[in-house]
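Should a chain be cited, it is by its letter among A, B, C and D, assigned in written order, with residues numbered from 1 in that chain.
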Amino acid sequence: AGPEVVSGPAAQPDCFAPWSADTKFFKYPKKEGPFRIAFSNGYIANTWRIQMVQTAKAYAAQPDVKAKIKEFKVVSTGEDVPAQISAINNFIDSGYDAIVTDAQNPTAFGPVIKRAKEAGIVLVAFDNILDTKDAINVNVDQKGLGELWAKWLVEKVPNGGKILEVRGVAGTSVDTDRHNGIHEVLDASGKKWDVTEVAGKWDDGVAQKVTADAIATNGPFDGITGQGGDTGIVQAMIDAKHPFVPFGGETENGFRKFCAQHSADGLKCTSAGSGPAQVAVAIKTAIAALEGEVVPQEVKLPLAIASDPDMKEGTDYFPKESDNFFVGNSFPTCGINFSAQEIMGQTKADQ
Amino acid sequence: MKDWRYLLAEQRGTLLALGIFIVMFIIYTTNHPAGFTANVVQTAANKGVLLAFVAMAQTLVVITAGIDLSVGMILLLTNCLASWLVVGTPLETTLGVIAVLAAGLVCGAINGAIVIYGRLQPIVATIATGAVYYGIGLLLRPFPGGSVNEDLADALTGKLFDVIPTSLVALLVVVLVVWVPFSRSEFGRAAYAAGSSETAAYMSGVPIRRGKFIAYALAGVLASVGGLFLTFFTYTGEAAYASGNSYTLFSIAAVVLGGVSLFGGKGSAIGAIFGALAFRTIGDLLFVFDFDPLWQPLFQGVILLIAVSLGAFALFRVRNRLEWFL
Amino acid sequence: MDGAVPLFRMEGISKRYGGVRALEKADLEVTAGSIHAILGENGAGKSTLIKTMAGVVAPDEGRMTLDGREVSFASPAAANQAGIVCIFQELSLIPELSVADNIVISDPPKRFGMIDRRAQRQIAQEALARAGASDIHPRALVKDLPLSRRQMVEIAKALARKPRILILDEATSALTAADVAKVFEVLKRLRSEGLALLYISHRMNEIAELADHCTVFRNGRNVASYKAGTKSDNEVVELMIGREYSHIFPPKPAAAPAATPVLEARNLSWADRLDNISLSVRAGEVVGLGGLDGQGQRELLLAFFGVLRGLRGEVLIDGKQAFISSPKAASDDGIGMALIPEDRKTEGLMLPMTVRENLSFAALDRLAKGGIIDRAAEQRLIDDMVGLLAIKTAGLDIPVGALSGGNQQKVVIAKWLMRQPRIILLNDPTRGIDVGTKQEIYQLMRKLADQGAAILFYSTDYDELIGCCDRVLVLYDGSVKRELVGADITEHALIASALNIHGEGADMKQGAGA
Amino acid sequence: MSETTLGGIAGRMPKFIRRADPAVLTAFACIVILLLLGSLYSRSFLSPEYLLQQLKVASFLGVIATGMMLVILLGQIDLSVPWSVAAGAMMACAAAAYGPVGIALAIPFGVLCGVAIGIVNGIGVAYLRIPSMIITLATNAVAQGLMVVYTGGFSPQDSATAAMRYLATGFTIPGVPNAVIIWALIGAAMVFVLTRTSFGRAVYGIGNRERAAYLSGIDTRRIVMIAFAVSGGLSAFGGVLLAGYASKAAQSMGDAYLLPSIAAVVLGGTSILGGRGSYLGTVAGVILITLLQSILSVMQMPEAGRQIIYGVVIVAMLLLYGRAPASR
């Protein structure tokens, strides 16, 4: 009872952009709304995920979306993969029309994907996507992100030099993809690069610590790239009185604040990443699929990029706000325009 | 005399765990949109059995008054290993399964050797070996992947006669093949004796070291059975640090819920199994009650807090305050 | 020795613990078919000697022969294999296991490689019966049994191993007279069956009744070996302590003081263990608690000390009703109570901590100003106590666990005297303590009473009750059955009322334990 | 009974022999060896900047491990460290959103939140007699739940106040980071408490034999309760410092401190069974762990190798000096 494979383009081609030229397109049998949609999240205890869950709720509450949804259920199961698999199994057994997931493991969901397909349920993964051709994946280009950061460094450090690469959580595909992207570009540049790799675990504290260590023993560096915890990395540079150098990093507001503040001193940044609002795109995709529209099997989201010298106060960073949220939260091509403040602030007003 | 009273007293922890589990599971299934169906039970069983294996492993060590903070990492390591080895023809698959179990045995034996012959305190010793096992797991699977013999995997995570979850049958088999002989053997008794009072056991000529060593080694085997099941359940290997840690911590919770004393010498793996199933059902309750996703972790925490505090009610019956101290 | 070939012989055995010489070239000969008593004051090396025999302790030098062949045991299991079975002074039962499990622990019967639980139970029942303790259920957990029952289990366990040499290291210290009698029958039977028995006890009357041969230890050496009955008690005691010995009990004052009672109980009841107990203790008085073990004496002391919950009835201090909810409250200045607990190793002391820390532990609140310990004051008080009680220790900063039992007991007493208590509760304080130390403790008790303390004293030893107490209350089944005063305190009266013979059924069986 | 009676003998043994714990000495020796090994890789391992940087980073773990040690001395354990750290950091930052008063009270408020978690642990362990390993696991889960709800529902401020930054990264004495001074002060206070106060004695007493301590008239439940409260407070304070260091609070910031804090305490020679251990040992353990992590990180060892070496080194060091005495 799976979808029909059809030829493109997708129904809303600006938003549902196929990953590559050979991406397949799906057309599911049209169903009558309103739909029962379930969302299976894994881990929840970081800001990115909280912002993501809030965005999901806000999106589902928008009048036009709400009209199409009969029930929107969210379950967060923690870090444990089997618990998430079971949650999805339960959703399947309970007859939801579509299941959206941020998966703890890309390869572990084979049996679930099979069952969902047999039951005719639309399964959409985003952020941590699934390694499959039988469900829909929505994501930013993680490897492209690494490439982007490396290109920035190649451009700003034209003669090659010493680079500090602060990586994420070992063993995740996100970390690997980004790392590979970085190194492919650096290698291809033909310059001589001396890269010091440390693991910052996408966490400011950890990243700051390992950066401080690296500066003390292997510094100074000519350029830096960080996958996350970038506020901490800059902080460590400041604490160690390390000169400001070009930096390719994520979209944390704190990082961007630093970039804007110290741009003149040499902290030339490009900041891009995976916005938590992809969840809204994923839900949107699920609804489109249920309505029988043509959707690509892999949806590629644009990176929300802001680079020196074009970082604008009030759109790209917010000096008065927390360091801790990810600014890139809107996907205009999909009509998803939440700002992070709106998301995190809105509920504050509700309480 | 009143033999059954003694029997009841012996099994009190296990029965309490069984009771807690049944109550929770009834609440769960009666509120489940799909109800008490074979599928719902199978889903719950597959998830629960995994933790049950790890909890059994933890039980063996806890009985000796030790603790194994590396069980979760042995689970990960053997999961990664299985995702390489448990593939191919039935013969290859069988050899793979044996190799995985052997790896678990080796991990457990290393823990045992360090704790018993190295005379290190189990908590730190296993924190350290856990790091090593995780590191090896990460070497095997730098990122998630691999595969498993899917026929075997489907068979063991599926249903027997379309009703009984095979995983439960497998759990039963492991209980019969590992736990029952162990607990009734001289070495099992030595493990209990050592946990209850190591000096007394030594003075009585009990083979303490062997008993403890076997307990640790079998714990490694049971954790690797868990690792196998994880592979069957997910078709892959993954060295996920956080998940390994949470299995370790969950196993402690399961063991306590199952009436196994962390002070050693008391409790049974059967209790720990029900403890594990009950613990898993706490997570399932999220599914049937409509909780705001942000409140879900808090809900789970509070239920856990209540569950572990249940045992404290017995305290109000204590009339002699010296009984507070063991 | 009767010309018989010794079954087992130890020659020149030495063992040191750090600076302590536990054994110094000790010798011993054991013959089949006889009971050999080993005597000596606390710390003389008796336990170390038999631990060496039993494979628990590895000797530093010396040799052991069994049947003329040289042997050495790597573990207790190895000694068991050779037929040497020991009932250790510190019980070696496993609390969380059942009585039956414990009895067969070293060599359980097996079927298909697994323990045969039916056979095990059979063995246990037989062994319990042989030890005269068939009232103990084989399925009961050892931790649920009172100390006296545990000692019986320990004896049954030893018998189940079919030993050639059976060693009892103060195995009867917690037993009641009735149990002791049963055990003695068993031991005599074993002797007639050709076993060699080694018997360690501080109770002279037991040795007199049982032993064929005696060896006295002092400071790690055997100082005398003689045929039982050839020396008077006084001679033996002098051999043990290495000096003259007389007047074990201090004289009692002529008349009891007539002040208002410092400690009084009215209709005190608790659970099913204490039943309507009323009693009073005046300043300057030593009141004994008698009766068979386990008749509520320990509970009564714990009740006064604020340990028990759900107490009914009244406790009065200086005639005023008091609600004591914890040992802390009991020891506070207004009340000034102290309890010398039953088991010094788990209740009285923190064995790994130093003598100093243990001594001041109960008086910290007095030694500290604003929570900070006044170390000079601490030192002064400790010096006083160590002097007063003549505590024998290699220093104040060694672990208290390294002291011999008698000295450990003195530390327990001293730590409470540091608070200058007005009411002193003593729970069998001389168990397993040598005569010399006992004497010191008796004198101390009387001295404290003379200085105005009210003392409530539980003992399993009738001689002590007779020698020390102004009055004795005999408990039976949780209530006071009889009060004996002055000259009425006789062994006969104590035993009779302990068995409750005065009241109803004359042939009461002592079976309250299990 | 007649020979050497009397107590004045205490003074005879030289003090340093009685005091110096071989485990602590070996731990410090291991630190030196680690540094020497590191310096083979890069000269900068012996540079003052690197060493100070290590001490600064160590002081966060040091503050947290101080609380852990207190609890371990009781024979208990505190598994609620991760979210006590996070709660302390997050709540301190959150308080700063409430005007000048909030900013002034930010640090005490954060610490207080940790104390609150500790009190729940303490009630569970002391009054309900729940094994600490499990009750602290549960409170950790509850604290996590509360933080998730709070963050999602109230989007609290999460940047550190100037005072927090100053405490963690500023300098009062030139050359010595404030964090190190704070750790030194807390450590000194701890040493004083453990060795000179009745509370400290009671802690060791309870760790050795709670029953005997209770019968000695110690309010054991109060002591246990206080120890857990202190542990919670110190964890939270560690979180406050960490937030100051990173200039912001984050959810997962405590995760990396649970196992290292236990390992540090035990590497320092404190018995996990309670009743035995000295603070100096914990200092050594903290520095050891910090250095080890740092050296492995700087050597660019891949994560897998790092974990393996970390584990092996800990086992090796414990085998060197952390073994229990042989049984006979």
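The definition used in the following text is that contacts are C-beta pairs under 8 Å (C-beta built on N, C-alpha and C of every residue); 3 or more make two chains touch, one makes a residue touch a chain.
These figures come from a predicted structure and were not determined experimentally.
Enquirer: Between chain B and chain C, which partner chains are common?
Expert: Joint contacts, listed by label: D.
Enquirer: Which two chains have the most C-beta pairs in contact?
Expert: B-D
Enquirer: Report the inter-chain centroid distance for chain A and chain B in whole angstrom, where each centroid is the mean of the CA atoms.
Expert: So the centroids are 35 Å from each other.
Enquirer: I'd like to verify one number: the distance from the centre of chain C to the centre of chain D, where each centre is the average of its C-alpha atoms, in whole angstrom.
Expert: Roughly 43 Å separates the two chain centres.
Enquirer: Report, in whole Å, the distance between the mean C-alpha point of chain A and the mean C-alpha point of chain C.
Expert: Measuring from centre to centre gives 72 Å for this pair.
Enquirer: Rounded to the nearest whole Å, what is the centre-to-centre distance of chain B and chain D, using the mean of the C-alpha atoms as each centre?
Expert: 30
Enquirer: In chain B, what residues contact two or more other chains?
Expert: As it turns out, chain B has residues touching two or more other chains at 138, 142, 202, 242, 294, 296-297, 321-322.
Enquirer: So which bits of chain D are touching at least two other chains?
Expert: Within chain D, residues 144, 148, 152-153, 211, 214-215, 303-304 contact more than one other chain.
Enquirer: Going by the contact rule already set, what residues in chain C reach two or more other chains?
Expert: In chain C, the residues touching two or more other chains are 56, 307, 326, 347.
Enquirer: Can you name every chain pair that touches?
Expert: A-B, A-D, B-C, B-D, C-D
Enquirer: Looking at the complex, which residues from chain D come into contact with chain A?
Expert: Counting only chain D, the residues touching chain A are 42, 44-45, 47, 49-50, 53, 57, 144, 147-148, 151-155, 157-159, 169, 242, 245-253, 256, 294, 297-298, 300, 302-304.
Enquirer: Residues of chain D touching chain B in their complex?
Expert: 77, 79, 124, 128-131, 133-135, 137-146, 148-149, 152-153, 210-211, 214-215, 255, 259, 262-263, 266-267, 271-273, 303-312, 314-315, 318-319, 322-327
Enquirer: Once bound in the complex, which stretches of chain B touch chain C?
Expert: 1, 3, 6-7, 9, 181, 184-186, 189, 192-193, 195-197, 199-207, 261, 264-266, 318-322
Enquirer: Which of the residues in chain B come into contact with chain D in the complex?
Expert: For this pair, the touching residues of chain B are 67, 69, 114, 118-121, 123-125, 127-136, 138-139, 142, 202, 242, 249, 252-253, 256, 262-263, 294-302, 304-305, 308-309, 311-312, 315, 321-322, 324-326.
Enquirer: Give every residue of chain D touching chain C within the complex, in rising order.
Expert: For chain D paired with chain C, touching residues are 1-10, 12-13, 18, 196-199, 201-202, 204-205, 208-209, 211-219, 275-276, 328.
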